[in-house]
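What follows is a set of structures to go through.
Next come two complexes, and both contain subunit A; in the first it sits with subunit B, in the second with subunit C.
Then we have the complex of A and B:
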């Protein structure tokens, strides 16, 4: 508990210091609870998520960094490796390939990379995975783009 | 995880009562797996008590005659065994205990200085490789503390009993394991050309991927690549005794061992030590698991 708090505090300071280093990620710690974080990440360019801003929720366990943070999308997203209802993310580093060498910031980078490079063979969203697996890239992209517009872009007045 | 629900079949309140985070199937699986592992693990501490070698024979009472023959051979050379928990970290936990116990008993200050210099070399290697200091420094600090604490005659000095207790305390043991994993990973990546062919043979992945997926995560089992690189990085020789069913044609049984002798990155002559080629850490390997062995008259 003490160790995880100390580690998170270091990450917090690092995030403050490097605020401008990674303009695609805005990582914020809950005011009253260092075990709860949210992040705003920009959809990578040349993907159907481009132009969207996606919110992630982090819940950090007491065993952190020996155990991974739980991360999920709060913003609706159509992606083979993200559960359409719950926002759960299928990413090895959040499961069995986790190691303390990762930080909350680098997890965000890994999630952005996953957005750009979906893994349709281990889908949490089968509809999305099946579109890609059957080679219907256009179908996948237009669905993903539609949800990006609906959920991840500011509403036009 | 192929067949995830396509239709939301769960009632909303059923989901709500599960957890505020909704229906996390993957996490459920992971949690269940963790709890099974925990239950299994709780049956045995990270590091057990010293047991006479006869306890090893007792395990195979009605088992393979070759193994029983081999245990008899072991019995001539080794006095005792100290078991470790089989959670994928057993090599590192065995190494940790064996090394700290050796320092505690030998009070070899030259060895401590030597290993500290190598620890700093590993720290530099990680920095050079681009690892953020904050990701590994806590693990380094905790290991160096243990090393300081086994030196006697200080306020913080610990007894052998305390060393056993600490080795069973997750907050110490897991952190030291993680320290070794960082050191191992740094050494492999630093000498990636040397390790590449071995890694290709094991997993068919790149050196970096191997480190990310098979060295750094807790619970990933150790292979000869891990042992070689940890031994080299810290400059600590390790003897591994193999207990398996293999037998030689000549009829008589013998027990194979392999000594991992660190490549000479720093010549040990400074301390005038001739023990360099004589490992003070001996681990017993049975397929998939490492325990600690104690030589006779040691």
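Then we have the complex of A and C:
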């Protein structure tokens, strides 16, 4: 418990110090609970998510960093490896390939990389995975783009 | 095998015994002697006897390993690799683990491309991460600063503090044997974490677990060794491939098949055994039962068993379809004009026109195939339990009775060895007999000659065994209960030893015949089947309950194997001839 708290505090200070280091990621700790974090990440360019801002919710276990944090999308996203309803993410480093050397910041970077390079062969969102697997890149991009517009972009006016 | 000499000793004693008692043998002609007249050169032929013992115990091609042996071997292998490659012991251990503990594979791979091997297993020659020569280093996990003395690194140089290493290693060890392949926590780094680091950084409990996993890995990842599958047994068996015999027996007295790790099942092959075991637990029997005893609801198709009541059936909710059990038509069509509510004219009329023949026949056949299976299963299972009982009796004999018997009969225990031998023979025969029932079940129906020959051999073996078992169980009881030396004891000895030998012979014939696929039938099928018939006619009916049923079974199966049907090899369901795949289990027709 103490170790995880200390480590999270270190990460918190690091985030405060280098707020502008990575303009694509904005990591915020819950005011009253250091085990709850949220992040705002920018959709990577040249993907259907470009221009969108996606919110992630982190729930950090007490065994952190020996155990990985639980992360899910709060913003709706159409992506093969993200559950369309719950926002759950299928990413190896959040499961068996976790290493204590990862940080919340680097997890965000890994999620951005996943958005740019989906893994349609282990889909949580089968519709999206099937579009890619059947080679319908246009269909996938159009759907993903539509949901980015609907859910991840500030409403005009 | 180190007991080669012992074996000859044992033979010598046996032959001494034979000579010693040969006088009595002639004085006491036993009823089973009449059997010998059939084939005089098969029994009690001394020259033959030694050969037979040899063939029963071919050169042992396996070694049972106890924990100290395993550790010794593991250490020897590690030392060999360590010496040849001039690397540390722990590095050699990592290499061997990555190459399934095959010393030769490690050598081949290493000398083919050392750099490549080093990269894949994570044995770095120099650090990839240069620690700045500062007074303080930052741990890569907790991000605290520590003096270098409190920082530890793998061969790569990535710095982590002792307590973070401890947590990292502990988590990995508690996740299972994957900890044997532990790498540096840095995601981009492949450097292996070796046993020296584990010993330095893990808790005592974790160290012990790691040690266990390492030992287990040596047996489980090695292609030549396996753990004895008996519950609670901690020995392993090292097997040298080569001969076709896969039966091995562990020091814990459990015999198993090296190939499939089911219990020993010679002469039946692994495929038949696994099919049989699957069948015993499989849904296919349920399916047969359902088919034989239920009808599907005409609307929702769920199977319905009619256990009592009238023909007016109401399916359970949500279906609630009301229908007639006989014709499966809707109940609303029924009434006075269809012959009342308790009989169904539509059914009777349609049955006469032959409309229902097909389905009724199917039901009948499913019933038959279930009966056939039950026949073999019952015999398989009863031999199994018989064997368990015999094992218990053997144990009782060895621990209690032999000693007592030695006192009451004033005989040295060495002279009572024939009793233990009889029981060992019984245990072994029960095992073989059990598996022949699985074999018999899968013997194709149409191979009449083979089937007849097989059933003859099985019947002979079984009746021999029954006599032996009876003698060892019941007749011995008289002497166990007595309290003074009995003059009949020597007669008993001759009888039991004789029965043991005869039974062994029967079973050897059976095993040999099954192992060569009953091919004798092809060459002299006519002769042997003729012999079968005459022997059957002459043979006693004692101990042949199974064979009597066999006749019934034959008539059932001939009904099944008529020209219009074929029996599925997997689930035995009798399909109509036109079907190309089994209607029950979808197995392709072969």
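We take it that the second predicted complex is superposed on the first by the 157 of 157 C-alpha atoms of A that agree within 3 Å, B and C clash if a C-alpha of one lies under 4 Å from a C-alpha of the other, contacts with A are read in each partner's own complex, and residues count from 1 in each chain.
In this text, a contact is a pair of C-beta atoms (placed from the backbone, for glycine too) under 8 Å apart; a residue touches a chain by one contact, two chains touch by 3 or more.
This structure is a prediction, so every number in the text was calculated from the model and none was measured.
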Quiz item: On subunit A, do subunit B and subunit C fit together or clash when superposed?
Solution: clash
Exercise. Return first, second, both or neither, reflecting whether A:66 touches subunit B, subunit C, both chains, or no partner chain.
Key: both
Exercise. Identify the partner contact of A:3: answer first if only subunit B is touched, second if only subunit C is, both if each is, neither if none is.
Key: both
Practice problem: Look at A:126 in the shared chain and tell me whether it touches subunit B only, subunit C only, both, or neither; answer first, second, both or neither. | Solution: first
Quiz item: Between subunit B and subunit C, which makes contact with more of the residues in subunit A?
Solution: B
Self-check item: First, second, both or neither for A:75, with subunit B first and subunit C second
Solution: neither
Quiz item: Is A:99 touching the first partner subunit B, the second partner subunit C, both, or neither of them?
Solution: both
Quiz item: When the two structures are overlaid on chain A, which partner does A:47 contact: first (subunit B), second (subunit C), both, or neither?
Solution: neither
Quiz item: If you stack the two complexes on chain A, which partner ends up touching A:83: first (subunit B), second (subunit C), both, or neither?
Solution: first
Quiz item: On subunit A, what residues does subunit B touch that subunit C touches as well?
Solution: 3, 6-7, 10-11, 14, 65-66, 97, 99-102
Practice problem: Mind listing the subunit A positions that touch subunit B in their complex? | Solution: 3, 6-7, 10-11, 14, 59, 65-66, 70, 72, 83, 85-86, 88, 90, 92, 95-103, 122-127
Self-check item: Residue ranges of subunit B touching subunit A (in the complex, touch as defined)
Solution: 1-4, 6, 8, 21-27, 30, 131-132, 134-136, 138-139, 171, 174-175, 178, 181-182, 185, 212-213, 216-219
Quiz item: Where on subunit A does subunit C make contact in their complex?
Solution: 3, 6-7, 10-11, 14, 63, 65-67, 93, 97, 99-102
Practice problem: Name, in rising order, each residue of subunit C that touches subunit A in their complex. | Solution: 140-144, 158, 163-164, 167-168, 170-171, 185-187
